[in-house]
Structures are given as structure tokens and as C-alpha cells.
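In what comes next, chain A is part of two complexes: it sits with chain B in the first one and with chain C in the second one.
For the complex of A and B:
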């Protein structure tokens, strides 16, 4: 039997492959399984956290800043956002690391470009470690709507976890 | 450069004239007739060149004609970063009173502008406004463009 693990041959649809039995039989075509890997790699043992902010009555075209206190030892993995008014794209945002004095995105970018959509959020390929002790971020949100908007925003990430 | 100056600064009041070596000054100005009540019109618009960022140092937004009362909210202005008029410049999304004059723009906290942005000044005439169409709104912007690769970390919100 060929294990397939060291071979470039295609594993899918081969019954005798090393992952046989690790996924449901009736979904084997669609399932993706990477043996032995936790998600996200390198942050095993941490727990998920959402740093949340809300702008419930942001005026048309208005921009607001908010300082968020991020948990110690926080690793940013992605953003989540939603808006009650989606005309003009809803809103755009910018994130500033107060400790390193850098903008993570140097100008306002539409939230769906960075956060994805509610059913398909985007996860950053490169996790970002904030300063371990009492980090802060400045969040800037610009309402794109011509109406008053209710904007919800969250930084999603891991607190703790193994970091080499 | 001192250690303090090396830190990127979000304070808009400092070092407005520092930064890149090859700066390109600009002075844009334009005017437009006040639109009918309930309407809007673009007063002035300019494109930040590709490969360059910049900032607006001085600004003028004014009304020429009769019927305008400063601050009553019947004639207002907004400054946007795009043609779609969705990304307003922070703090300039609801200008209620005139700012300087075209013949004498006033210094403002610098507005950082980025390549490929269409900086657009729009005037709005309220539905209930007594301001008749046909008066004129004027605007001017003074500042610099500079090559992005000469950025020294100084940026203004």
C-alpha cells in the first residue's frame, strides 16, 4: 500500500490513503483535513477573543476614532464588521497600533475588503502580535452612508497560545 | 533627527513643513453656482497624482452672494476623498460655515491625502433653505504633493 504521505500522487479518491477514516465517509470528497495541525498553527493553547466596538449613531459621512484596550498577549487574526446601512459600501476603517505607532492599513479601506462578509469572514494570513503588555489600538471608522449608521466592529484573535 | 522626531506622529500640529525633499506645491481653486434647494454641486476637485502623497495645508471654502447665514446649516459643505462621495475627510463631513476666502486661504490642521484620491469639495443646499440657486460657492486648496518613497513616517490623519 502506498501511504501517499511523501508522494506527490493524488490522495483524494484513493481508499488506502493515510487520512482514511479521519473524515466522514459521506463527505470525503469535500472534506479537507490536515493531519496533526491545529488552527492557527503556532498559537496552540490560546483562547479566542473578540475585541468589540460599536458606533450606534454615526452621522452621515462622519468619521470617528475610538481607542480600544486589547487584552495582553493578543494576536490579531482578523476583523469582523457589519453596518445597518450598506449604501456606498457601509463603512471603511483604519487600525493604528498605539504602541508601535503604525497604521496597520495606511488609509481607510472598505470593511468588506478587510473583514470579508458575515458568512465569509477573512482571516489574515499573517497573524499580528500586539505588544504583550496592555496594548491599545486606535480604531477609525468612516461612515459611507448618506444616512445615520449603526456600525459594529470586532477584532478577532487569540489570547496567549504558544509563541516561539 | 532626534529620537522623538523619528516616531511617526499623529499630532496634526507639528512639523507641517518637514518631510520629503522633492515637494510639488499645488494651488487648486474653482467655483460653482449654488444648486437648487435640495441639490448639491461639486465646487472643486483634484486628483492626487499616482505615486505621490501629500497634504492640504491651507483651505478656503466660501459663499459669494446674498442669502447665506453662517452656521445656520442651510448651506453646508463636505470634503471627500473619492468621486463616489462616500469617503469624507475626517472632521470635514459637515462644514456649516465658510473657511477663509479664496484670496486668503486659512491654515488648517494638515489633511493627509493619498495617491489616486479625488479630493472633492461639495456644496449642499438644504431643501428648506432660503438660499436661491445661482449664488456662487468658491473653494481653494493649497498644499504639497511629495513622492511616496520619500515619506519619513510623518502622516496626518
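For the complex of A and C:
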């Protein structure tokens, strides 16, 4: 069998691939994936809930803060976002848990990197529980457009569940 | 020797529950007055395990709110924490494209944790059009009927 270095053909066309066996197959997947969980455990029976915020007339390049009053026993599973003006990337956002005093993302991040939509959601790998009683979230939104923007943002998650 | 009580068997089979509405143009005000309100009733024969939510709509300028009748819980909360009423009657819900996915456009919205809708329960859907034209909407709750069989009750008989 000729080596890949001598023959500039695509690796995927070789049988077997010359790199075959260089990484132990029995460890690489175990390091990356968690086995056997179809849904995050502990949330069975909880009620699907969206906490929705809107910035209908945010000025060009403006930044606004908003406090979201999250329902009791809310577990965060993902973000959703959209904007009417998408030049400059639309908008970026940052979320702060006011009860634990932590930013859930360390800096403003473009919403298309972190927030999904109804047809293309991004679900957090680990559910995040807010404080059970009257949790509050600070949402910071920065408009990237040179025009006035209409920004929509939602926290998707579960209220209640068997964790109770 | 005592025999353990026979446990009912739950058979899941695919089921889709559908909500249809034609929402009047430029409907405004409290959702209950829009004429865009539709009730989804879970069939009496089985609980429904909800896994996916898919939508069709004429225009994306459509807001939706859902209330579970028995518990009076709302699915969509406003930033003030009051989904409806309590001084927040102007809150019309969430844009439908953040609530459900279009299957024709790459995907439906998955329920990360499937929610079991009890048999016979009502879910009131309030739609608000902001597009200025009649908005035809269809929401498809995709999941499984959880049909319960009692051993010895005969094939095809539900115990509920």
C-alpha cells in the first residue's frame, strides 16, 4: 500500500485511512460525550415556559439594561433571539443572575452565537437553576445596527419539575 | 403464593395535535378579545406526551400566548413576571418564530423535557396579528399518545 505522503489523493478515499489507529477509539468518545441521557434529569413534569423581553425602539448603537422577573422554580435551558435590523450582526447580549451575582456570559456576545430561534434552537447542555423564589435576571442588550432596532429576546426553560 | 397486582401497560403511538386559526388583520388589545383565540383539547382517550412544536404562519408578525386551563398557568411570561392581567393586560405573548419552528424551514422546536398534557385538558391559544393582513396560522404539537392498557382487558381497550 502506498503512503498518503507520496500520493496526493484525498485521505477519505483511502482504505484504510493512514491515520487509522493513531487515536484510541475506546477513549476519545468517552471524553467528549455523556452517555444515556435523552433529557436533562430532574425536570420531568415541569411546565415549558418562555420569559420574553422586547426592545421595540432601541436607538442605533445603543445599550440598554433590563431586569427580567423570572417565574419561581425556573430552570434555564436556552436563549432565543431575533431582531428587525441585522446589519452589524443585529445585537449582542449579556445575562446576569442578580441573586448569585454572576454573569452567565462573561462579555457581550452576538446573539446569533448564543441564542436560537424556534426552528433552530440552542439548548444548554447543563440546565441552570435560578434561585427558587422570585429570581431576577439582568439582561443587557447592545444594538449593533446603524438604524433603530426592534429586538426580541427570550429565556426558554422549565418551571417546576421533579427537582421539587 | 401471592400474585403482584397487574400493572397497566402504556403504549405510545405517534400523535399530532393541531391548532388552526385565521387571525384578523391588525388585531390589537387584550388577546381574549381578538377573535384569534383557539382552544386545543387533548383527546380523552390518552394523555399526550409533547415533544416538538411546529408552526405554519402567513406572516411572522404574529404573537402567541398559551394558557393551560386547569392550572391557569401561562407558557409565556413578560419581563415584569406577570404573563397577563395584574396590570399587564397589554402583553400579547411571544413572536411565533421564537416559539415554534417551521418544519419547511429546517426544523421544529424541541421540548428539551417532554411535557405530558393530561387527557381532556384545554390549552387556550391567543394569537395577535401585527402584519396588517389576515394571518393564517397552524400550530402542530407533535408527540405521542400514551394509551394505557390493563392486562386482561382485551386488545385495543384503553383503561381511561
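As a working rule, the second predicted complex is superposed on the first by the 121 of 164 C-alpha atoms of A that agree within 3 Å, B and C clash if a C-alpha of one lies under 4 Å from a C-alpha of the other, contacts with A are read in each partner's own complex, and residues count from 1 in each chain.
Just so it is clear, a residue touches a chain if its C-beta (ideal position, glycine included) is under 8 Å from a C-beta of that chain, and two chains touch if they have at least 3 such contacts.
These figures come from a predicted structure and were not determined experimentally.
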| item | value |
| --- | --- |
| Combined model on chain A: chain C and chain B, fit or clash | fit |
| Partner chain(s) touched by A:101 [first = chain B, second = chain C, both, neither] | first |
| Partner chain(s) touched by A:80 [first = chain B, second = chain C, both, neither] | second |
| Which superposed partner A:125 touches (first chain B, second chain C, both, neither) | neither |
| Chain B or chain C, by number of chain A residues touched | C |
| Partner chain(s) touched by A:53 [first = chain B, second = chain C, both, neither] | second |
| Smallest separation of CA atoms, chain C relative to chain B, angstrom | 21 |
| Chain A residues contacted in one complex by chain B, in the other by chain C | none |
| In the complex, chain A residues that touch chain B | 59-63, 65, 88-89, 92, 96, 101-103, 106-108, 138, 140, 142, 144 |
| Contact set on chain C toward chain A in their complex | 50, 53, 55, 68, 71, 73, 75-82, 93-102, 105-116 |
| Footprint of chain C on chain A - complex, ascending | 39-40, 43-54, 66-71, 77-78, 80-82, 117-121, 123, 139, 152, 154, 158-159, 161 |
| Residues on chain B engaged by chain A in the complex (per definition of touch) | 7-8, 10, 78, 80-81, 84, 86-91, 93-94, 114, 155, 157 |
